[in-house]
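Working notes, beginning with the structure itself.
Lettered A, B, C and D in written order, each chain numbered from 1.
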Amino acid sequence: MTPLSAEARKWGEEMVSHAAFFHGRGWVAGTAGNLSVRPPEGPVLITPSGRHKGTLSIGDLVAVSSEGSPVGEKGGRPSAETSLHAAIYGSVPKAGAVYHVHTVESNLVSLWAQDGGVGLPPLEMLKGLGVVGENPSARMEVFPNWPEVPKIADEVVKRFGEGGFDVPGFLIRLHGLTVWGEDPAQALHHVELMDFVFRYLVLERQTRERGKVFQVPGPSGGP
Amino acid sequence: MTPLSAEARKWGEEMVSHAAFFHGRGWVAGTAGNLSVRPPEGPVLITPSGRHKGTLSIGDLVAVSSEGSPVGEKGGRPSAETSLHAAIYGSVPKAGAVYHVHTVESNLVSLWAQDGGVGLPPLEMLKGLGVVGENPSARMEVFPNWPEVPKIADEVVKRFGEGGFDVPGFLIRLHGLTVWGEDPAQALHHVELMDFVFRYLVLERQTRERGKVFQVPGPSGGP
Amino acid sequence: MTPLSAEARKWGEEMVSHAAFFHGRGWVAGTAGNLSVRPPEGPVLITPSGRHKGTLSIGDLVAVSSEGSPVGEKGGRPSAETSLHAAIYGSVPKAGAVYHVHTVESNLVSLWAQDGGVGLPPLEMLKGLGVVGENPSARMEVFPNWPEVPKIADEVVKRFGEGGFDVPGFLIRLHGLTVWGEDPAQALHHVELMDFVFRYLVLERQTRERGKVFQVPGPSGGP
Amino acid sequence: MTPLSAEARKWGEEMVSHAAFFHGRGWVAGTAGNLSVRPPEGPVLITPSGRHKGTLSIGDLVAVSSEGSPVGEKGGRPSAETSLHAAIYGSVPKAGAVYHVHTVESNLVSLWAQDGGVGLPPLEMLKGLGVVGENPSARMEVFPNWPEVPKIADEVVKRFGEGGFDVPGFLIRLHGLTVWGEDPAQALHHVELMDFVFRYLVLERQTRERGKVFQVPGPSGGP
């Protein structure tokens, strides 16, 4: 691909190190997952299709336009889910990174959706996702896992037009988590925070008394 | 900030390495958590607001007084939860480090509080938290997660005045764990030990026979 | 053993690094597990019997024929489960690597077999195992853990002749997981993906409502 | 302490690296756990009291006799549980290493003892603990956690005299796991294998159908 600016290279290298971190956590098993960055100047850099995420280097990244079309002369095949990245870059002008990972908990939680979404518990951690207030309330959208990825991307774009998302990310049913951030660091934060929330939801259900509805009272513990 | 003494630098560097260790464990997801040390001479050093804990260096730390006011000329913004650190340093003269982390298990366990506290199981591990005896008994305080952090800090100070804590730490509801120690090493030990206790409590509940009350007999196994 | 070609050495070194990765994950506790590669030219290289997998080097590997007979002059004793590797190399001409690991989840899941197999959930992750379609359906074979390993190997060979496997791997009851791939990288991917599936199955059962049958509707969430 | 032979140093360094590994796994939280080796020539080397296991070096080890008495001129205070190590070295002539760790699962499993022991599931993994046969059967002893450690040690010695142990290790109620091996490597293997068994037992109970007794049929799956 065409030579990268120093800043684009920095963003790409940061993303590559995040990909290896995700592998260490077990969030991109096999060749699962795909990551991209959109540096301030220059094209979107996305991980190639069918590659393990624990051993990438910056030379493996593929340059595409914000619409997902290959840019430049050479390079591997961009991720098969590039259209999902393009859906977000097209809808969120400030998005500088889109990370898509597969965690076991995110797969399980996606099954608990009602009316296309999962209610998030009122954890302090939600602040890092932009959800504030004494008893924060938010839900995470869960999209069907259509075999045609562009069809999922269309639904995501549609949702942006219909009111958007409570948090910077969404689930695809039995598939995985997609988040965005202004830069690689923020996208990393969002992945970590949503993983925290999913692990909480799973633990909470594992220890829940049978037949008891999950309810959290106000901060003083009152009803 | 003003130059650090060799010992203050050593304490700060130790804390920075503990912060990275906590990140590796998943205890400071996103930009969650905040850590501080109070070296024998010199100001309190606290982690800056809104920063990931896996990539800090000593130059990122912010110097504040034991009361939490910024010290020196420059530096980032101290953690938004500095008042909690000040509450502990003001109440525990020997406290040399205060670590605040967010673990999934500590969030869940905080929900199990009754009368503002959670009973701790009689594990050998409690010895490391200062709880001794054949069938040790102790409880962990759980404070409401008031949106105004100084309000939580006030309740912590009040609790110190009313009899203090069974163990060197407390929970904030659906928020996280705060511990203190005489130095960075002891604060690290206390975080690890309390995490052990929380993971035990969660596993115990996951495997508990329905309707069975958790009871531990004496060491000989008798009733 | 006889000198290795550059490519055989590369395959062997890749396998040794995978063995250390498996140890870090807890998948080859004690001296459990055994791995082999069949480079394009040259003999099969297999891990020695009774060795910890976290500290192997390429010199520890034992050269055997595709049928499992020792090759060359010296070398340690090949794994006691070499016959299982030979069963796969003999049945799958393109197999270039066979990895056998012991994970806690794979042991537990093996108990859930009905009619000699476990149904796999319709996760996106199955694509990496070659299972495609809108609502993918596949099962994993589970063989009895006969004390005589060649007897297990015979059943595996028989199964290849009777229709083969839905996915490139199988379980042995209360024993572990065996996978194959065209090269070390693909075998690694397959281990990671199957581990993902097993962890999903365990979490799903831990959180399942009592008496509720696990059913996944179509991608749109409809019945 | 007196200078170590090259071999004693090698054993000590291996143990120190195992201690750091255990810390990484969360098995020696705080300052919990203690490890010792008895090299072919020279005194027993044991970890010092009250030290974190993630940052030891060989100079921190304390030399004691097989009976647990300090040897040589200087050195830290030996572990408060030295008498347990001495009990094993005195009873098992071939024991070259004794490792005592605290895992969450081992604490929980210790509560499930009946008549002073926990039945082990018939996993292939038991082979690494010396338990063989088509449907292996073994139990792990669970001792009361007497506040006086020598009293536990006495019970261990008594048990050796009364028939010994099915596996090279035992539990102390709500305290932790102690294993031995001929050398540091084998002691490491035994810790890993027993951890595997405990994690299996916990997962099995978490997913058990209510009211269903855990039973494993023969290898063919028949009754």
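Everything below uses one rule, namely that contacts are C-beta pairs under 8 Å (C-beta built on N, C-alpha and C of every residue); 3 or more make two chains touch, one makes a residue touch a chain.
Bear in mind that the values here come from a model prediction, so they are computed numbers and not experimental data.
Under the touch definition stated at the top, chain A and chain C share no contacting partner at all.
Chain centres here are means of the Cα atoms, and by that rule the chain farthest away from chain D is A. Between chain A and chain B, the centres computed from C-alpha atoms are 30 Å apart. Taking each chain's centre as the mean of its C-alpha atoms, chain A lies 42 Å from chain D. Residues of chain C in contact with two or more other chains: 206, 210.
Taken as a contact graph, the chains are arranged in a single closed ring, with each chain touching exactly two others.
Chain pairs recorded as touching, per the definition above, are A-B, A-C, B-D, C-D.
The touching residues of chain B, counted against chain D in their complex, run 25, 121-125, 128, 133-134, 185, 188-190, 192-193, 195-196, 199-200, 203-204, 206-207, 210, 216, 218-221. The touching residues of chain B, when paired with chain A in their complex, are 26, 29-32, 52, 102, 104-105, 107-108, 111, 113, 116, 144-147, 172-176, 202, 205-206, 210.
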